[in-house]
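Order as written gives the chain letters A, B, C and D; numbering starts at 1 within each chain.
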Amino acid sequence: MAIRTAAQYLEGLRDGREVYYRGERVEDVTTHAELGIAARHAAIDFELAEDPAHRDLALQRDPDGSEYSAYYRVPRGPDDLRARSRLIETATAEGGTLVILIKEIGTDALFALMRVLARSGETEGLERLQAFYRHCRDGDLSLAVAQTDVKGDRSKRPSEQDDPDLYLRVVEERPDGIVVRGAKAHTSCAPNVDEIIVLPSRSMGAGDEPWSVSFAVPVNTPGLRLYAADFLHGTDDEFVYPVSSRHKMIETLTVFDDVFVPSERVFFSGKPQIAGAVALTFVEFHRFTAVSYKLPLLDAFVGCGIAMAAANGISRAGHVREKLTWLAGYAETVRGLIQLAAQRGQLEEGIAYPDVFTTNLAKWTFARDFHVALEFLQDLAGGLLVTGPSGQDWEAAQVRPVLEKYLRGAWPARDRLAMLNLIGDLTTRAYGGYQAVLAIHAEGSLEAEKLAMYRSYPAGEALGYARRLAGLGEADDR
Amino acid sequence: MAIRTAAQYLEGLRDGREVYYRGERVEDVTTHAELGIAARHAAIDFELAEDPAHRDLALQRDPDGSEYSAYYRVPRGPDDLRARSRLIETATAEGGTLVILIKEIGTDALFALMRVLARSGETEGLERLQAFYRHCRDGDLSLAVAQTDVKGDRSKRPSEQDDPDLYLRVVEERPDGIVVRGAKAHTSCAPNVDEIIVLPSRSMGAGDEPWSVSFAVPVNTPGLRLYAADFLHGTDDEFVYPVSSRHKMIETLTVFDDVFVPSERVFFSGKPQIAGAVALTFVEFHRFTAVSYKLPLLDAFVGCGIAMAAANGISRAGHVREKLTWLAGYAETVRGLIQLAAQRGQLEEGIAYPDVFTTNLAKWTFARDFHVALEFLQDLAGGLLVTGPSGQDWEAAQVRPVLEKYLRGAWPARDRLAMLNLIGDLTTRAYGGYQAVLAIHAEGSLEAEKLAMYRSYPAGEALGYARRLAGLGEADDR
Amino acid sequence: MAIRTAAQYLEGLRDGREVYYRGERVEDVTTHAELGIAARHAAIDFELAEDPAHRDLALQRDPDGSEYSAYYRVPRGPDDLRARSRLIETATAEGGTLVILIKEIGTDALFALMRVLARSGETEGLERLQAFYRHCRDGDLSLAVAQTDVKGDRSKRPSEQDDPDLYLRVVEERPDGIVVRGAKAHTSCAPNVDEIIVLPSRSMGAGDEPWSVSFAVPVNTPGLRLYAADFLHGTDDEFVYPVSSRHKMIETLTVFDDVFVPSERVFFSGKPQIAGAVALTFVEFHRFTAVSYKLPLLDAFVGCGIAMAAANGISRAGHVREKLTWLAGYAETVRGLIQLAAQRGQLEEGIAYPDVFTTNLAKWTFARDFHVALEFLQDLAGGLLVTGPSGQDWEAAQVRPVLEKYLRGAWPARDRLAMLNLIGDLTTRAYGGYQAVLAIHAEGSLEAEKLAMYRSYPAGEALGYARRLAGLGEADDR
Amino acid sequence: MAIRTAAQYLEGLRDGREVYYRGERVEDVTTHAELGIAARHAAIDFELAEDPAHRDLALQRDPDGSEYSAYYRVPRGPDDLRARSRLIETATAEGGTLVILIKEIGTDALFALMRVLARSGETEGLERLQAFYRHCRDGDLSLAVAQTDVKGDRSKRPSEQDDPDLYLRVVEERPDGIVVRGAKAHTSCAPNVDEIIVLPSRSMGAGDEPWSVSFAVPVNTPGLRLYAADFLHGTDDEFVYPVSSRHKMIETLTVFDDVFVPSERVFFSGKPQIAGAVALTFVEFHRFTAVSYKLPLLDAFVGCGIAMAAANGISRAGHVREKLTWLAGYAETVRGLIQLAAQRGQLEEGIAYPDVFTTNLAKWTFARDFHVALEFLQDLAGGLLVTGPSGQDWEAAQVRPVLEKYLRGAWPARDRLAMLNLIGDLTTRAYGGYQAVLAIHAEGSLEAEKLAMYRSYPAGEALGYARRLAGLGEADDR
C-alpha cells in the first residue's frame, strides 16, 4: 500500500471506536469540536510526507523501490538516528511545539520489542512482531503505546494490590488468544491512531506471570474503551492561546474490559524475565524521541525571551542578558547532548540505539531545568501575562483603541500582546502546565532518568584513573 | 459609622461604575457570573469581622470606644505589625490561599503616604490624607491602589515616551482640582472596591512634575474606566478547580480618561522629590503584606505534598522525603523571616514599619524558590495532573465506576482525585500560572527586591569585622 | 572555686596527657609550636571572662552569689538561649571566625544528658551527671565531647563489624567501674581540655548493649591516647594566613585502649534505649551552638565581599551587587532562623531547648549554601588569590616596591593584599577547606539535618489545611 | 631541529633568567626544591613525545617528512581540533589532573594572532609572526602567554589609571624596536618556558595606542623579571598530597622593566583596533584548550566519588547515588559539549577554530558547577578529610597500627586513606583551592563566558520560530 494522505488517515479513525470525553461517548473523533483539533494536529505527520519541502526527511525509499514513512525505518547507525531525530524535531516544529507522536512512540516500541525478543531468542514472538511491523509500515498506520499501568498503591507490587486489575493482566488463556483486563494511564493520542501497542510498565518477577504480557490491537477492538482527558479544554480563544487553540494532544485512561487478543497479536505472555527488559528498552528508545521533540519548545523559549525583551525595551539590562544567555545555554546543551547520543549510537541485533547514558543525561538536563526556564520567561514577559486583555477585548470596538494606546511597549501593542500571549500559552496557562508536567513525568520521572544514568555510566575509566592517582591498583569498586 | 456587613459592602459596589469584561460593559459586578465570584471573595473580609472566631483579630477597639476594621489600625510597634500579619494570613487562609486585599493594600498606601508626607513637612497634603483616612476607616470602605504605570518602552523615562500618557499625568490644573490622564496596569480588585488610591510608580526628577501626583477617587468617578482581565475565566468545574471556581481576584487596566480630582483628594502634585519616596515606601509596607498573604499558599503546598505522597503510597521513598522536607523548610523560612521583619519593626513619624532588609529578604526568598516548589509538587502528584478526568466524567454514571476502580492509590479514588485536583488548581492550571506570575512580579520584581536588600543592608558591622580580621583600620568602603 | 584565669587554664593542660602529633609524642601542648597556638586560641574563653567589655555576657551570677562561666548556665527559657547564642557568637568573633568550643560543646552534652536521663527516670545516672556537672562548673573546667565512632563499614551496625572495637564499647565490667575500648573520630579540642565526655553516636537496639555507654574521664586518664590531626600545619605565614596563623582548633582520633572508668563517672551503660535518645538530643542542642558560631564567619564573608569589591573598583557592576546581596541575604537568613529557634525554645525537664525544626532549618540553610558563598567570594576577589605574593616577598626589599606599584587596585597594594589574603585564608587555603568540610560534616551531615527536619515538622496544620481546601475531612496521612 | 628530549628542554631553562621565589632570586629553576617540581611536571610534554604509547598523538609528521610537536599543528578542521583536544586531555591526565600548558597556551596565542593579523591585512606583522611560529615549532620550544594586565582600579580604562604602567605599554619607540614597561599578572609556567608571548588583555579605543601592543621575547631578556607565586608551597607530604607533591604549575607576576623588544618580535604596536580582536580571539581558542584539560580533573572527581562511596560502605544510600549520578552527568556534559565544539569547528583564514558559543557553553557549564562538585565529593568522603592523619603519623611505628585498626572502612585503612587524601588534595587543601579559583578565573570569568555566549548565539532561528508561533512576520529584534 502506498503512503496515506491526511484525509485517508482521518477517514480511518471513523471506525466505531469507543471514546468518552467529558462524560459522554464521542461519535466521531475527527469532527468533534475539541478532539477534532487533536486529530488534525496528528494529521500533520501525513501532510509532512506530502510536502515537497519535507518529503526527503519524511519518507524512506528502500533499494527495492518500496516507499514508506521514515518513522518506520529501522535505524542502522548514527546517521539513521540523527535523521530520525531531525524528523521528529521538524514535525514537532510544524506542530507548534507539540509533538505529533502517532508514529514516533509506536516505532520506539516496535524497535525495542525487536531487540529484546531477538536477544532473548523468542523466535515465535519475534515473527509475530515482524509481521505486525510490516502490517503497520506497509499500511502507513498510526500507533499509540499503552504502557503505564494505573498502579494503585505505589508501595505494592502488581500481585500485592488489593485489586489485581490495577496492573493490566491476562485473565484467560484461550486456544486462539488471550483475554486481558486492566487499565493503562495517560496513553497519548489513543483516540487518533489505528493500533495500540501494549507494553508492561515495570520489571516483573516470579509470580508476576499474568502481568507480563505485550500485544497490539486495533483501537476499535470490542471491550477497549478510551476515557479522554480534557485538560486542554477551553483553550478556544486564538488571541490568548495562539498555540493550544490550534494544537492538541489527547491522553486517555485506556481500559481493557476483558479484551480478546488473537494469538498472532501477542508478542509475549507469562514471561516476567522479558517484561522488565522490554519496559526498560522501550524507554531508552523513547527518551531519545522525547528529547528530539522537546527542542522546538526550547527554541521557542529562547526566541520568546529575546523577542519579549525587545518588545519591552529591556534588552540592555544586565539581568535580562543573563536570563537570555541562560535560556540559550539550556536549549543548546539539551540539543548538543541528544546529537551526541545519536553519534554514540550502538548496534545490537541489527538495530542502532542511541547511547543510553547520554540520552538520559539529555532528558534529565531538559527536565531538571524546565521550571527555571518557565520562571525566566515569565520574568521577562511581565505581569501582563495574567492581567492582559482577552480576545473579546481585542475584538471590541470600544476596547481595542484603549489597548492599542496603553499596552504598547517598544513594540506596538498588537505585536507585543501577540508575543505576551504566546509566552502565556507556553508557560502560564493550561498548555504551559501541561508541558511542565510532561517535562517531569513523561517518558519516566527525573528519578528514573537518574537511575538509568547511574546504571549505564561506564564507571571503569574514571574509577581506574582515581585509583591510579591515589597510588592504588585497579579494581572495580562500584 | 459602624462596621459594615458583607451585604452592605456588596450593595455599595452597585454604583454605576464603568467596568468592561471580555469586551462588554458589566452592569452589576456583584451579580455578574464571573466577577460576582470575585466580589463574594472580597466580601470574606467583612464576614471575618462578623465571625466570633475572628472578631478580635479583625476589629480594633480604640480607648474612646470607637470600633473599626483592624486593617485601619496604624501600627505603633512590633505587636501591631505581628497582629496585622496574622490578620492578613488568616483572611487569606479563609480565602482559599487567595488574598482578599480590599483593605490590605489600601492601608499600606495610606501608611506610606502618611510617613512620607509627615517626613517631608507636606502639611496640607498630610491633612487631606488624614481626612481621607478617617473617611475610609469610619465608613469601613474598601480600597484599591493603582500604582504601576503602563510604562511603554521601559528603556525610556516618562517624559521621553512617544506618548506622554504612558505614565499617568496631570493634564490640567483647575482652581478646585486637577484633571488626570493615563492608565495604570494590573490594579487588583478595582471593580470590587469603593475607592482607588493612585500612587506614582517610580522615582521622578526635574521635568517630571506632571507625572508626580497622588490622589484618591471613588470608583464610579466619571472618566474612570476599568478593563478587567479574564485570566481566571473558565475555571467553573468545581471538581478540577476546587479553589479557583470559588475564589477569584480581578485585575484591571485602569484608565483615567481626563478624570477630574477635587483638590481635597489630591495628596500631592507636581512634586518629583516626593514621588519616588512614596513609590518606594509604599512597596516597603506592601511587601510585608505580600509575604503575610503568601503563607497560606505555602502551607497548602506542604500539606498537599504530604497528602499526595500518602495518597500515592510513596511516602517512604528517599527522594519524596527530600522534597517534602524542602517544601517545609521553604515555607518556614519565609514565615520565620516575616516574623522577624515585624519583630525588628522601627517607629518613624509615629508609624511602625517592618524592617526593610528582612522584609525584602523574606519576599525574595519566597519568589526565587517558588517555581522549585511548583516542580516538586507536580513531581509528587504524578502525570494524572494533566491526564485526569473532568468533573463531567466524575458525574457520568457510565464513567465514575471506571474511575473509582482504576484511579485509586493508597487512598480511594475520590479522595486521591480531590487532592490531585487541588494540586492541579494550585500549580498546573490557570490559578497556578496566576500565582506563579504574581510570585515573580507582584509587589515588584526579584530584581527590585534584591536592590532594596542591597540598599538597606547595614554594611558597617560586617565590613568592620572583615577589616579587623585583615588587620586594617575601620573605614566605609561601600 | 573562682573563675579561672587563662594562665590557670593553660597550666591545667600540663598533666602528662598522651598526645601525638605528626608521628611524635607531644611533651607539652601549651608550648608546642603548633598545638600551642590552639591552646592559646582556646584560652580566649577565659580571657573573655576577664574582659570588662564581655564580663556580663561571659559570667553568670546566681542569686546565692556564686559566679561561674555563663556556658554552664542551664537555659530556662528563650532569653537564656538567646544569651547563650550571643555568647558563643561573641567568643567566636574574638576567635577570628574560629569557634573556641571548650565549654560550648561540653555543656551541650551535659544539658542533653540531663534531659534524657531525667525523662527516662534514670535517677542514679542523673545524680552522677549532676555531680559531674557541678564539678565542671565549679572548677571552671574545659570539656571535649567524643561522640563520632570510627564506624568501619558504614553499611554495618556495631555488632556486625569485622572488629567489634570499631564502635567504642565496654569490654569489662568491674565492681567499681567499667573498662572501655575503641576510638572516636574527630574529637575537637581534646588536647586542650580538662575532661572528655563520651557519648554514643547512633541509635542502638537489642544486642547493642556493650556499645550503649556514656561517661566522662580526665584527659590524662591512663590508656587514653590522642592522635592529633595536622590539617592546619604550615599556616605560619601571617601575611597570607591572617586568621589561621593565629587561630587553630585541633581534632583528634581519640583512642580508648582499655581505659578504666570509675562508676561515678558512668552516666549509663548497657542501655540501648537511652543511647539513641542521647545521641539525637545532644545533636539537637549542639546544632544550635553550631549555627551560633557560624555567624562570624558569614559576617566576615559579607564584609570581605563588600571590601574586596571596593578594593578592586568593581562595586558598581551588576553581577557584583547581585553576589553581595546574595551573601548578605544568606548570612541574615541563617542569623534570623537561629534567633527564631531560640525564641521558639521549649521547656522540658526544666531545660529550655531551641526549637528542633527551626534549628535544623538554620543549620541546613547554612550548610547547603556554604560552597556557593565560597564561589562568590573567590569570584569577587580574583585570580590573585592563588597567584599572589608570599609574606617573604612582601618582606623582601627588592620585591615589595614591585608589589606596591603593580598590585594596587582602587585601594593601595598593602590594604588590597591584606583583604585578598584574608579571603584566601577563609576560602582557598587549608583553613577554607577546613571550614568547608566542617560546614558539611560537623554536627551531622546535611542528610542528618534534613532527616531531623522531616521528623520534627509539625505536619498537622499544613496537612489539615490542604485537606480542607480539597474538600476532605481531617486525617493524619503522614 | 629535531624534537627535543625532556633533558634538553630542562637544560634550556638554565639561561640566567631572573626569577624570584619567596623573596629570593632563584639560581636554577630546574634544581630548585619547589620550582624544580614544576619544571619536571612541564617536562611531561617532552616525555609524552618520546613515549611509544603516545607518540602518534603527540607528534605531527608533515607530508614533507618534517616532524614536530603536535601542539604546533595548525588545525584545518574538526578532526584536527578533536586530536588537539585529545592530546591536551591525555597530557593532563599524565600530569595528574594538572595541565602541562607549556605548548598549549602558546599555540592558542599563535593561532589567534595568525587569524586576526590575516583578517586585518597586517602583512608585516603576519610575516613576523609566521617567522616566530617556525622558530618555535622547529626548535620545539615551550611558550608562556602573558596577557592579563595588573589593571589597577577596574573601573578605569588604561589611560585613566593613576599610574599608566598598570597596563603594559610602549614607553619608547626605537628604530630597531620598542621599549615596554608594565606587569602582567598570573602568567602560567613563565619560569619553565623558553619564550613569552605578550598579548593585550582588553579592547582598546582611540587614545589607547601605547597599550595596544603584542610581541614575544625569550624569558632571559634583560629587564624581564618573574615573581613566582608560592601558593602550592608546603605540599611536600606525599601521603596527604598525592598529586600536588608531584605536580605543580607556577604563576608569576611578570614585570617588564623597560624591556627592549626588537622589531622582528613585535607583531603589532599602536593599533587599538587589533588589540581587542586579538584579546578576544585568543580567549576563544584558549577556552577550548581549557575545557580539554579540565576533563581529567572531572573524571578524577567521578572516580573518587565512586571509590570513596565503596570505601566507606555507603554505595547503596539514595543520596549517595544521587551525588554520583550528578558528578557523572556533570563530567560528561562538559566532555560532550567540548566534543561538539570541535565538531562544529569553522575554517577561517585557513585555521579551524572551535565553535565559539559551544566552547563558552562548555566552559561556563564547567565553571558554574565546579563548587557543587567540590561539595559533593567532600560530602561523600567524610570529616576525616580534615581530621585524618599526616604522613608522619602513617610512618610512625607507634601510630600506624592504631590507624590501621581504627581507620578502616569497607576498605582497609591504607587504601581508604589513600583515596581520602586524594580527595583532600583535589578539593580541600591548597591544590583544591587552586583548582577552584582557576575554575572561576582562568581563561576569563564566568561573566566573560556568558557575555561570549550572548554575543555568539545565532539568535535568528529561535527568534524567527517564536515570531511565527506568535503570528508575526520575521524581523531581527535582538
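One rule holds for everything that comes next: contacts are C-beta pairs under 8 Å (C-beta built on N, C-alpha and C of every residue); 3 or more make two chains touch, one makes a residue touch a chain.
The structure displayed is predicted, hence computed values, not measured ones.
Participant: Given that chain B and chain C are copies and touch, would you call their interface same or different according to whether over half of its residue numbers are shared?
Facilitator: Comparing the two copies, chain B and chain C contact each other through largely the same residue numbers, since over half are shared.
Participant: Return the chain pair with more inter-chain C-beta contacts, choosing between A-C and A-D.
Facilitator: The greater number of contacts lies at A-D.
Participant: Approximately how many whole Å separate the CA-defined centres of chain C and chain D?
Facilitator: Centres of chain C and chain D (C-alpha means) sit 39 Å apart.
Participant: Please tell me the distance, in whole Å, between the geometric centres of chain A and chain C computed from their C-alpha atoms.
Facilitator: Comparing mean C-alpha positions, chain C is 52 Å from chain A.
Participant: Could you please state the distance in Å, as a whole number, between where the Cα atoms of chain A are centred and where those of chain D are centred?
Facilitator: 43
Participant: Touching two or more other chains, which residues of chain C qualify?
Facilitator: Within chain C, the residues that touch at least two other chains are 319, 322.
Participant: For a test of understanding, state which residues of chain D touch chain C in their complex under the given definition.
Facilitator: Against chain C, chain D makes touches at 20, 22-24, 148, 150-156, 163, 165-166, 183, 185-186, 225, 227, 229-231, 233-234, 251-253, 255, 312-314, 316, 319, 370-372, 374-375, 378-379, 382-390, 392-396, 398-399, 402-403, 405-410, 424, 427-430, 432-434, 436-438, 440-442, 445-447.
Participant: Going by the contact rule set out above, which residues of chain B touch chain D in the complex?
Facilitator: 318-319, 322
Participant: Flag every residue of chain B that touches chain C in the complex, lowest number first.
Facilitator: Its residues touching chain C are 93, 96-97, 242-243, 296, 299-300, 302-304, 306-307, 310-311, 315, 321-322, 324-325, 328-329, 331-333, 336-337, 339-340, 357-358, 361, 364-365, 415, 418-419, 421-422, 450-451, 453-454, 457, 459, 461-467, 469-472, 477-478.
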